[in-house]
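What follows are several structures.
After this come two complexes, each holding subunit A, first together with subunit B and then together with subunit C.
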Partner chain A sequence: MGAGHAHRLYRHGHSPVHALPPHTKLAAAFAFVVVVVSTPREAVWAFGLYAVLLAVVAQLARVPAGFLLKRLLIEVPFVAFAVLMPFVAEGARVDVLGLSLSVNGLWGAWNVLAKGTLGVAASVLLASTTELRELLLGLQRLRLPPLLVQIASFMIRYGDVITDEMRRMRIARESRGFEARGVRHWGVLAKSAGALFIRSYERGERVHLAMVSRGYAGSMPVIDEVTASRAQWSYALTLPLAALVVCLLGWTL
Partner chain B sequence: MHVPDGFINAPVSAATGVLAAGAIAVSLRGARRELDERTAPLAGLVAAFIFAVQMLNFPVAAGTSGHLLGGALAAILVGPFTGVLCVSVVLLMQGILFADGGLTALGVNITDMAIVTTVVGYAVFRGLVKVLPRRRRSITVASFVAALLSVPGAAVAFTLIYAVGGTTDVSIGKVATAMIGVHVLIGIGEAAITGLTVGAVIAVRPDLVYGARGLEQKLKLRVNGELVDAPPSGPAPVAARTSRRALWITGLVTSLVLAGFVSFYASSNPDGLEKVAHDKGIDSRAKKHASDGSPLAGYGVKDVADARLSGGLAGVIGVGVTVVAGSTVFWVVRRRRTTDASPVGTGV
Partner chain C sequence: MDPVSTPSLEVSGLAFAYPDGHQALFGVDFSVGRGERVALLGPNGAGKTTLVLHLNGILTGGAGTVTVAGLPVGKQHMAEIRRRVGIVFQDPDDQLFMPTVREDVAFGPAAAGLKGPELEERVDRALTQVGMAEFKDRPPHHLSFGQRRRVAVATVLAMEPEILVLDEPSSNLDPASRRELADILRSLDVTVLMVTHDLPYALELCPRSLILSEGVIAADGKTAELLSDEDLMRAHRLELPFGFDPRSVRMGA
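On to the complex of A and B.
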């Protein structure tokens, strides 16, 4: 991922949300999710308000609804799980359309679905308005250990390279007539994984040597330190604070 | 198995978060010893490898396919500390970038998918390698068994976390049966692929497999027709014995305080909940939990009479159990590592 082409998760733009420093956005998204998670599940209207808040952010960031909804699809496995819950949970049962469902299970399914969806939506908004490099800088700014940030940045930078190598190996396999159909073909796939590991590790060694030859001594120089003014902080924290108000209302009402 | 937001309650999420942070801090130091200054690029590339290999689908039966979790594989190939780091970084990036797994559930996800799989996998692997004959085949067999146990191990860890802090009202027995049952099946696939992968790497670059480092034959020189041990090249590794007690105590105190505080804050919840429960006449929960065998399941209930006390207790006990379990496992692994005296890569 060199300069010039951004990751497909990121949506380029010049909105006020894009312009915010990354660590304020990270903190805001995290605080928002914490507030959402600690809302009582019976306050159904509160989750509606949260969704409205996120929609306002998406509007400000000029992220189209279709894009956001498509990315929400990652949640589908849990929807399946949540649908099962009313059938297997304990407690009093209620008849809905001729099916005997557990009341607690219904609440549980609603709880997981609502909070999970809002969490996913918040992360999607964060990822689509913040460049990868900025996200890493923000994490570093939020006192994540520098070594961890370096590892993460190498993973991000070389993730596409390694994935492409895997894709090339798959194409090589398929062009020789291989098709994985069952357990008998696991050996071939495992050999590919082994080869991929060796290639990745050796690439890591080469990258390290290249870094050493350019003066690397264990820490990366930070050339683009990010800072945030008080105004930017308060702008970013509007979202979790608004959510907090909703949450407190949810507790008291 | 990526847990979304809202599936595990706030105190337990916070406690697992603290546990995960502690484990990552320990792993950062451990990985520096495993890889020294090469840590960043190598661990980064291995994390990219784990990320890619999780996308490698292997067909199981007609139509269905599974994918690797990679915890045991990472631990065996690059060492337990680097393994924990790599899988944690993968999970962190999946959470932030791909919204796969909730932000507040990061602690839960890292605890059960990065820490438990890696530690269980590596502990089993080390134990088997010590017992089995010193041959390459045994490394493959040991990796098979390690991966086979690591996945249900993660499922058990998840079930425990759920028992302490699950927000839904599905009985522990059902969750345990479903999770462990499914993950035993997944574990078989994971085990086969892990074993075969390690075997494939050993066949080509045995020096790269961290778990097989003790296996290399001593270099022998033929001097005047006799085989003599070659003099050791490079300095002997110095066992760094820094005190980690301060770290443990700080971590434990922080997590206890945090869990107490957070659960206190969260435990105004049951009052409201109880009210609704009374209103709607769905108060049958307490009865059901009373019949539950596990004491922890009882503590985890927010809706019992003394809600505040029970919530705080659940948090503190959860932290206690997880921290003690986590530190014991790390202690054991560390002891094993330091007594192992395997040569540390000297770097370039």
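On to the complex of A and C.
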């Protein structure tokens, strides 16, 4: 970790999607997900249209399909249980390839799978066109509680520092002949974790001291004012609005 | 107030005991004139850090007073005092807490209410002063230790302080980074108080030194003279590196 200059999720580029202010993209992605989730699961064609919408965004952002699909794999452990639903759900059953599956369960699995995949795809697109730092600025702009934004930004800053500290402690342990084998050694690992916690806590105190010394009085000063023009907002919100039309059609047809 | 006769820093009768009863300072008196570079020498545990934390009002509540350019350190002017006293802490990872170099340098001035092009200009100037302008958009943890130390100096310079207080500026630096930092410090037109037990570094940079020992100022004079006084040095647990003779060093500036 820490070798690259940007986060691994981010894909550097200069597309119109990359150029949008972060808070408009956040709002658009969130609204899109809300719309997708509120679509009736029987409107199968609507989910197809959503996927097409996302494909258009990916095209505009110049994110290759392969890249996007590979990132989607993150979803697998979360939807694994969706596969079980047709087997365990109650109600009318139908025979598929000799297996007796529940109709309700099939719909449920489809529902989770389709909505989950679309949501994850939207998030992957957001993450690959927006730098982590920018995302935080966007959240700040969208009035997320400042304390949460501060905590997240410290996580980005100190993640590598603490990982490094952990690595040094491991090297120190191993240099003295320690090897974690089995339960009897968990005590040592637990003590290391405790020591790491105390070190990080003390670092937190020193960081706070340095912040106070430079005039920190409880809230982060605004350094980058992110603003979006009406045109940028309408450009970003095209996605959720188009999705909303599809959703409404899904309910009425 | 006459700018010539008002010292940058005046400490008188400063005494302080920690809440656990441990007394660290027993009446410290000294003053630093505008534009002076002064080293504060002392063995570990002499109370150097405690003294530093009094200079910008992080620690208060003991006896005595601290005055920065005529302004007493106290509750009512805390923001102004913290702008005037720039402390560079020992570990740059504590000092640099923002996700990018630029934001970190901007933190102090932004907390003081600066924004827009004025803030940007301040950041650029401070980074140029320490020769780190091209690292503006890098995250601090991707810099070398010496570079991080220089950025830490810039974060404080950006506040245009009356006095720069450096806590062990040469610690953990390789000889080249040490010299680079010395060149930078010499080029600055600002009052410097340098807390250190790196005696050759003090000799190189500071014409005048103070020795803090057991919570009082034990000596105050020309650095070369103090370092050459073997009895004085021994009495306060200060030792020169092997083979180093302060009398053999010719001072350039």
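We adopt the following convention: the second predicted complex is superposed on the first by the 228 of 253 C-alpha atoms of A that agree within 3 Å, B and C clash if a C-alpha of one lies under 4 Å from a C-alpha of the other, contacts with A are read in each partner's own complex, and residues count from 1 in each chain.
Just so we're on the same page, a contact is a pair of C-beta atoms (placed from the backbone, for glycine too) under 8 Å apart; a residue touches a chain by one contact, two chains touch by 3 or more.
Since the structure is predicted, the reported quantities are computational estimates derived from the model, not experimental observations.
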TODO: State whether subunit B and subunit C clash or fit side by side on subunit A once the two structures are superposed.
DONE: fit
Open item on the list: For the overlaid complexes, name the partner, subunit B or subunit C, with more touching residues on subunit A.
Closed with: B
TODO: For A:Leu189, decide between first (touching subunit B), second (touching subunit C), both and neither.
DONE: first
TODO: Consider the C-alpha centres of subunit B and subunit C from the C-alpha centre of subunit A, and write down the angle between them to the nearest 10 degrees.
DONE: 80
Open item on the list: Per the contact definition in the header, classify A:Gly13: touching subunit B only (first), subunit C only (second), both, or neither.
Closed with: neither
Open item on the list: Quick check on the superposed pair: does A:Glu225 touch subunit B, subunit C, both, or neither? Answer first, second, both or neither.
Closed with: second
- [ ] With the two complexes superposed on chain A, say which partner A:Arg181 touches: subunit B (first), subunit C (second), both, or neither.
- [x] first
Task: Which superposed partner A:Ser102 touches (first subunit B, second subunit C, both, neither) - done: first
TODO: Could you say whether A:Ala217 touches subunit B, subunit C, both of them, or neither, answering first, second, both or neither?
DONE: both
TODO: Mind working out whether A:Phe154 is in touch with subunit B, subunit C, both or neither, as first, second, both or neither?
DONE: both
Open item on the list: Once chain A of both complexes is superposed, is A:Phe197 in touch with subunit B (first), subunit C (second), both, or neither?
Closed with: first
Task: Where subunit B and subunit C come nearest after superposition, their Cα distance in Å - done: 5
Open item on the list: Let me check the overlay on chain A: which residues of subunit A are in contact with subunit B and also with subunit C?
Closed with: 132, 153-154, 156-158, 161, 203, 207, 209, 211-212, 216-217
Task: Contact footprint of subunit A on subunit B as seen in their complex - done: 4-7, 10, 13, 24-25, 28, 31-32, 37-49, 51-53, 55-56, 58-61, 68, 77-78, 85-86, 89-90, 92-93, 95-100, 102-105, 167-171, 174, 189, 192-193, 195-201, 203-205, 208, 265-266, 268-269, 272-273, 276, 280-282, 284-285, 288, 348
Task: Touching residues (chain side subunit A, partner subunit B) in the complex - done: 7, 9, 26, 29-30, 33-34, 36-38, 40-42, 71, 74-75, 78, 85, 88-92, 102-105, 107-109, 111-112, 114-116, 118-124, 126-127, 132, 135, 145, 147-148, 150-159, 161-163, 165-166, 180-183, 185-187, 189-198, 200-201, 203-205, 207-209, 211-212, 216-218, 220, 251
TODO: Spell out the residues on subunit C that touch subunit A in their complex, using ranges where they run on.
DONE: 53, 56, 58, 79, 82-83, 85, 87, 89, 91, 93-100, 103, 106-108, 110-112, 115, 119, 138-142, 155-156, 159
Task: Residues on subunit A engaged by subunit C in the complex (per definition of touch) - done: 2, 5, 132-133, 136, 153-154, 156-158, 160-161, 203, 206-207, 209-217, 221-225
